[in-house]
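The next block holds one structure in the form of structure tokens; read it before the comments.
Chain nomenclature is as follows: A, B, C and D, assigned in order of appearance, with residue numbering initiated at 1 for each chain independently.
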Amino acid sequence: MIQSILRYLHSDVTPGVAGNLFWVVVYVLLVFAGISVGVIFMNWFERKIMAHMQVRMGPMRVGPHGLLQPIADALKLIIKEDLMPANADKIVFWFAPVCVVMTAFCGFIVVPFGPTHAITDMNIGVLFMLGVSSLGVLGVIMAGWASNSHYPLMGSLRSGAQMVSYEIAMSMTVVSAVMMTSMATGTGTLSMIGIVQAQLQQHTWFAFSFFPVGLTALGVFSIAMVAETNRAPFDLPEAESELVAGFLTEYSGFRWSLFFLAEYAGMIAVSSIATTLWLGGWLRPFPNLLGGKNWDTAFSLVPGITFVALAALCLFYFTRMPSIRAMRADARGLAAFGGVLGVIGIVMLLPGVRVRVQDIYWFTLKVGFFMYLYIWYRTTFPRYRFDQLMKIGWKVLLPISIGVVIMTALIGVRQELLALVWR
Amino acid sequence: MKIIEMVRRFLLIDLLEGMWVTFRHQNPSDLVTEQYPMNRPEISDRFRGQPRLVKDENGKLLCTACGACALACPEKLIKVGSLRDPETKKKVLTDFDFDLGRCMFCGLCEEACPSNALNLSSGYELALYTREGLELGKDQLENGIQGKVYDK
Amino acid sequence: MPEVPDGNPPNPVPAQAATTPAAAPAAAPKPVPQPWDCELVQQLKNSYGSGIHDAATFAGQNYLVVDRAVCHDVLLYLYQQLGYTSLTDLTAVHYPKDELPFEMVWILFSMAANERVRVKARFADGESAPTVTDRWVGANWMEREVYDMFGIRFTGHPDLRRILMPDEWTGHPLRKDYDPHKQDEVWVRKNLGIESGQ
Amino acid sequence: MSDNRFYDSPIEEVAPGNTFLDSNELVLNMGPQHPSTHGVLRVILKLDGEKVNGIECVIGYLHRGIEKVAEHRTWAQFGPFVDRLDYTAAVSNSLGYCLAVEKLLGVEVPKRAQYLRVILTELCRLASHQVWLGTHVLDIGAVTPLFYAFRDREDILNVFEKYCGARLTTHAFRIGGCRWDAYAGFAEQVLHICDDLGPKIDEYRDLITGNRIWLQRTKNVGVISAEDCIAYGITGPVLRGSGVEWDLRKKQPYSSYEDFDFDIPIGTAGDTFDRYVVRVEEMHQSIRIIRQATEGLMEGPIIAKVPKVIKPPVGEVYVSIEAPKGELGFFLVSNGSAMPYRVRVRPPSFINLQALEKMAKGSLVADVVAIIGTLDIVLGEVDR
């Protein structure tokens, strides 16, 4: 048993490709657990960051600095009554959250956390992910229709129209990124791992290749992905001030938490596409420029150091906790949490673990950056009106993304063109 | 001027300026939340909160049961009960009930009292579990409502 | 002027040279109504004659008491000829003891001259007053509220319904004979099925 | 006026005969419980997809019958009720009421009391505009300015609490002047507020005014022309937003407003953005007034000689002030007794709300929310 595990650890191919069913199941569970932890952390992270941006403290009561707040929320949602409106369409009402969650998590099959850390390496990875992410609209419209009341109906129609119109702009920018992969090897690849390796060979992240084009592609994609997941300036479907809670109005309890889970999973999925395509997935910064043995070891220490630093931060806050009897449990909780982080940090510094963990660390760091952007947008921007949203989707983002595709093509074949012109 | 306008618009400068404002507010010194049971707000001395019957230095109530406060109250929620003391021919306060449930803390009773016997003190934790508890009797008005003190 | 019986002018005030509206004498503790006579009142008097019952000033504020038949024309006249373009307020007062118990009050205002005038007219119970929504659109809700509170109907009002009280409420609250304690028994019993707690 | 009432009484079922809804229309009930109706206002929208074809307001959910209550209270006892009219601007309500009764009595308020009243009323205007700014921007989607506005409003509420003992329903003034004199350190605290509020309002400019999403959401939304404003009887920032330079503090000065120099901001297009700019500029002007009044605060008595039981002479009086929402007027009828015979409150929000039907017709659902916000209505004053 241990042999097969060790033998597998040295294999350099993803479990799906290796066809080893046991490992695929393990990886699926790992990814599912990882994304759920990510959603839980994101719940706490969003409330805290938004609170600090709004000169308030955010959750402080449940656990030290609100650390147990997500667990408390999850527990509350599970316990709460999960009612279904009287003449709602029972089956469709029940199936809507299931469909939304399924599509949200389905996208993670192809997301590469590392050269071999992906459930499988489909050669049409990006296409598969875009296809699955556009299925989410189905669940939303089902939810809106099944709730049989005005607000959800309007919310779901708005969301359907919004997702469709931003889907095209997104896929155009993805086309431009895929075209960039064919620069070195002559033949592009749709497989997510292939794209990252192409960025490795071309010594540059696609965001910075062909200077203005890569960045505009990333910009357009990041705007379109915000609209795709109904967030921040484009959160019309669940615009509190107009449609109360849009398609979520009639949902409560566990079903509502499924939608909540799916929304965050969708956000993580779409940001992981952006990181893989433009910010060089799991590549550490400057893999070629600062190549060589000692640079590698230096960069591989970074994950361990960050966890130890977080542990130190927790202990620092532990000392600053008011020493009244009521806060003693919180203080001890914070100390324990700091301890756990410290242990993880030290384990990560071990040479064997270090090498494997750094890929996943860099990938999550970049996805974390996109998550921070989501929260930042949500605190700062007012909401677009529905017709303005459509105008931007069709009249602004779509032309720019088509322009990006044309520019990538032109720059890609510039030698042949010049040769043709001068001959 | 038009070009700068165009460039600003194209590079989303106005959106970035907004984002810089929210980012700038993140430093911990800006936080204004007051965590209630631990750090309590400081109350001004003119605060109109819990009504109290004032005692002079040797513990005797200043109230002469004249009923001016009952007349002045817009909600007519004060009832002053008094007995005529045979020798001193002066009214003695027997009971004084004050229906806090309907009081709007306007302070008119405090103004009307000739002998400053009734005063809206700065107690603001008046929540109770029963509506009847809000009909304050004479003793409650003397030494205030003893609610449960929370610390966390 | 509550006790003034309709028809004859208020008992003449001790003769005072009231050519220009004397400002309330600062020293006099209590302001007293003086007759108000200026070029505007002359125009109204010679065009409506007996319709204008009284023109007086109280504490520096001019008001006209007008006959109910001619009140609509006076308002339009003030609007067109004399520049009182905006209607600040429209309300009613109930004097149960007089034979014309309801007194409608229109407060007109002219931004050009920065002047405010009150036009008052007396109406009998159950009699309907003329609407002014044809000239001032803003009077729509104010008239609905007067109808809701006093029961004065307005002829020509586009949509005369109760505005503040529930639609099937009986009685008009701001009438003097409307006892606040027994007001909601019917409605509470019908809609909430409990005895009113008054 | 076009018959925009498309609906029988909203409570009765629609009679089959009169079909007011054709096939693809939908009646949406922005009911009394709705996150963005600033209180218990119910708006019935007849929608064709997103476009608003018909709109009708149903009010009365917060009707407490304040005018009936007034007829059973003495003149002084009615003071606290006036705070409950526009509960975000309690101080200016009680200023209006006290001025009306003082004109009825013919009482001259001492100068120091007038200055104290001006300082507190302008502070109350700032607080009311901050509530408006926070909720209006929240309705259009930006979550953060609400917290900044309420953080700055906290200092003003602290001044009210130190001065009169309550933060919101202050009951700060009495007939004839003020009940309390300025507490020690009043002038320093008020001047401190003036100094640090100016830059904070400019901070909102970076966050909101320059923002292109905000411009698109407010430019030519809910447009109303000057003539319509006068026809509807609209007053206050909505009227000034349409370009009519009209402010009672300037045109008919009361409580010694003539001693201070400040200017009246006016808009041009009469849309939501102009009204926003007018109100924010008004906050700057209020700071100017407060600074001049605090520096000019002279010594002297704070209340005129007023009998214990107030019995004004027989007669009626209409006095109006420039409240944060518009012209707040009190029409008092006295029959010489200790209780008012009739108190009529001229509510600016009630009259401004009528324009919602004209402004919102033909707009989108999201605009209806923006227009309710820009009218700055408070249901305590609408329903009385």
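The definition used in the following text is that a residue touches a chain if its C-beta (ideal position, glycine included) is under 8 Å from a C-beta of that chain, and two chains touch if they have at least 3 such contacts.
Keep in mind the model is a prediction, meaning the values are calculated, not measured.
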Path length in steps (a step moves to a chain that is touched) from subunit A to subunit C: 2
Chain groups still in contact once subunit D is set aside, others held in place: A, B | C
Taking each chain's C-alpha mean as its centre, the one farthest from subunit D: A
Most extensive contact between chains (C-beta pair count): C-D
For subunit C paired with subunit D, centre-to-centre distance based on mean C-alpha positions, whole Å: 25
Distance from the mean Cα position of subunit D to that of subunit A, given in whole angstrom: 46
Computed distance of Cα centres, subunit B from subunit A, in Å: 49
Junction residues of subunit B, two or more chains touched: 15, 18, 21-22, 25, 32
For subunit A, residues that touch 2 or more chains besides their own: 53-56, 379-381
Touching two or more other chains - residue numbers and ranges from subunit D: 144, 148, 151, 207-208, 211, 213
Full enumeration of touching chain pairs: A-B, A-D, B-D, C-D
Touch list for subunit A against partner subunit B, complex: 49, 52-57, 60, 322, 324-327, 376-377, 379-381
Of all residues in subunit D, those that touch subunit C in their complex: 1, 3, 5, 9, 11-12, 59-60, 63, 65, 67-68, 71-72, 103-106, 108, 228, 230-234, 244, 246, 251-252, 312-318, 320, 327, 329, 331, 333, 335, 341-342, 344, 346, 350-351, 353-354, 383-384
Touch list for subunit A against partner subunit D, complex: 50, 53-56, 150-151, 154, 233, 235-236, 239-244, 378-388
Touch list for subunit B against partner subunit D, complex: 9, 14-15, 17-18, 20-22, 25, 32, 43-44, 46-48, 72-74, 104-108, 111, 120
Residues on subunit D engaged by subunit B in the complex (per definition of touch): 73, 76-81, 144, 148, 151, 154, 158, 161-166, 169, 171, 179-180, 183, 203, 206-208, 210-213
